[in-house]
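Listed below are the structures to be examined.
Here come two complexes built around chain A, the first alongside chain B, the second alongside chain C.
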Partner chain A sequence: MIWKILLFVLMTFVSIAGISFPIVEKPSNWYEFPLIPGLGENAKIIFFHVPTAWLTVVAFFMSFIFSIKYLKQKNHEYDVKAYVANQLGIIFCILATLTGAIWAKFAWGAFWSWDPRQTSIFALLLIYGAWFALRSSIDSDEKRATLSSVYSIIAFFTVPFFIFIMPRIMTGLHPGSADDDNLGPVINFKMNENMQLIFFLSLTAFSLLYFWMWNLGYKSILIKEKLIKKFER
Partner chain B sequence: MLQFLTDKAIYIVMIIVLIVWIGIFFYLLTMDRRIKIIEKELKGDNYEE
Partner chain C sequence: MKMFSRAYNLFIKDLRSELRTRYAINALIMFILVAISVILFSIGNEKIPPQLTAGLYWVVIFFSAMSGLSRAFVSEEEKGTTLTLQLVANADIVFSGKLLFNLSLTFFINLIITFLYAAFFEDFVINNFSLFLITFFFGNIGLAISSTIIASIIAKAGAKGTLYPVLSFPILLPLILTCVQLTIFCFDGINIENSVYELAIVISYDIVMITISYLLFDFIWKE
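Entry: the complex of A and B
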């Protein structure tokens, strides 16, 4: 219960701070964000767009872990948990793509320009889209769970490459790419401490929200299956 | 207050986002409670393996 209250307070604070704290040239108060050249007010997207991309990684990683667990113990519950994680992963992946495209229209001039970052997330959508196609094409429960676990484990090895490596070693438009002179690990690019703090609070809040959604998702599927079993007798 | 909100429209956006968030949060909370109650009921069930 405590973490739910924490989630509420954090997300409320992040919404207030992320939207309404002013961006100024030389921040002097704790609530002021620094002006990042070329981004301006657009920079505030970082509090809402980056967490969705972060949750994509978290969700696919959880699916990876539960897929390994499933292959080890053949426990049906782990398959359900991996399934819900992948579901949420692809939802947040689509959200990151959409919010990024809308932002790009105003920051770069076009919704889609095959920037390395956009290309890599598109590849990721295809890879995990195929996971759902694979899953829906197999009738037998155990075979489906085994094959989709194996696919999920292999697919996860591409995630760090597409999210963290490829968009950073190639030149591009996205903040953090190789020719960005605000370079550094993405988090350091000309944010002041206050902006970084709110950014990390935002990541925490979104992670808690994800965890809650995942929890409700797999529990409801398990209940549904139990009830079906009960009425079949 | 009204003049302030008219001048700085971003605060209206903030208030709207907050209202949406409160709505989503309490919806999730009721869903959470509902699932917990069903789970409890199923546990005391003889049909369960």
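Entry: the complex of A and C
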């Protein structure tokens, strides 16, 4: 219960702070954000865009870990855990794509311009889609769990190419691209301390939300299956 | 050595059963002709830039791979010979044999595609031939490896046709994007020293994929 209240307070604070704190040239009060050249008011979406993108990768990683565990022990519970992680992952992936597109409209002038980052988040969306398509095509439970685990592991090994390698060596608009002369990511260099604080609070709040949802999701599926077994007997 | 000779035997068996009907090869060659003529019709008399030519070249390569390479495992499931194969050979040997077959098929069809592109597309002028050879070689190896492992999943999943490109595309995307980039470099005549990063991506992709395929094929094959 205390966790839920804490999460509620944290989420509300982050939302209020992220949306309503002013952006000024020379921040003097603790609640003022610095002006980042080229971004202006758009910079505020960073509190909601980056956590969703981060959770997309976290969900992917968790599904990878539970897939390995499933292949090792063939325990049905791990398959359910991987499934719920991917379910949440696709939601956050869509959110990251949408918030990114909205940000791109105001910062770069178009919703979609096939920047390497946009290509990589699109590829992640395709991987999630393919994973669910594969799952829905198999009837037998055990076969479905094994094959989707294998696909999840294979797909995870292509993710570093999308997330870490290609956006950094190809030219693009997103911070961190090969031709970015602004000395690396926005987080380290252009935010002041209170902006960083809000940013990492937002990251924590979204991560907590994710783990809570994931916990509820896989437990409810396991209970449902137990009940179905009980009433069939 | 013994493993290699057994994989080679499996490859010869696949080759013989393919040459008996020539179904896959004929269908693939016709597919390539149809795809390229559709592209040529839609271009008409327009002049297309080299970047687009490079993209279209890999589009045809991708889709011809998607229409041909799944047969290696799907035909075993269709004929009901999977269980026999499980008795006579273990997973590594089966995967090596199928990979050899898919590798030779990929190189064969992609040589035809390259020949047809060189013949029909004005802008398909390779200014750096050694870079093109390296790209072609490692690109085809990566394509064959990923297609083979996904084909084995598809064969077990029972949904044959439509799911294959859906599952393969995100896996192949890093390879294809980088190969398109490298092909544009070849057209522009950029030397190898300036394309080291892209070549490194393609080669590391090949290594990652072949390692993960040998590790995971056992689980798919026993299913």
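The rule we apply is simple: the second predicted complex is superposed on the first by the 228 of 233 C-alpha atoms of A that agree within 3 Å, B and C clash if a C-alpha of one lies under 4 Å from a C-alpha of the other, contacts with A are read in each partner's own complex, and residues count from 1 in each chain.
Everything that follows uses one rule, which is that a residue touches a chain if its C-beta (ideal position, glycine included) is under 8 Å from a C-beta of that chain, and two chains touch if they have at least 3 such contacts.
Remember, it's a predicted structure, so these values are computed and weren't measured experimentally.
Of the two partner chains, chain C is the only one touched by A:Ile153; chain B is not. In the superposition on chain A, A:Ile127 makes contact with chain C only, while chain B stays out of contact range.
Looking at the shared chain after the overlay, A:Thr204 reaches neither chain B nor chain C. Shared-chain residue A:Asn42: touches no atom of chain B or chain C.
Of the two partner chains placed around the shared chain by superposition, chain B is the only one that A:Ser20 touches, whereas chain C remains out of contact.
When both complexes are overlaid on chain A, the residue A:Lys143 reaches chain C alone and has no touch with chain B. Between chain B and chain C, the partner in contact with more residues of chain A is C. Within the superposed three-chain model, A:Thr99 lies out of touch with both chain B and chain C [touch as defined at top]. Using the contact criterion defined above for the overlaid structures, shared-chain residue A:Asn194 touches neither chain B nor chain C, since it reaches no partner. In the complex of the two chains, the chain B residues touching chain A come out as 10-11, 13-14, 17-18, 21-22, 25, 28-29, 31-32, 35, 38-39, 42, 45, 47-49.
Against chain A, in their complex, chain C makes its touches with residues 149-150, 153, 156-159, 163, 166-167, 169-171, 173-174, 177-178, 181, 197-198, 201, 205, 208-209, 212-213, 216, 219-220, 223. Across the interface of their complex, chain B is touched by residues 4, 7-8, 11-12, 15-16, 19-20, 212-213, 215-216, 219-220, 223, 226-227, 229-230, 233 of chain A. The residues of chain A lying in touch with chain C in their complex are 71, 119, 123-124, 126-127, 129-130, 133-134, 137-139, 142-143, 146-147, 149-151, 153-155, 157-158, 161-162, 165-166, 169-170.
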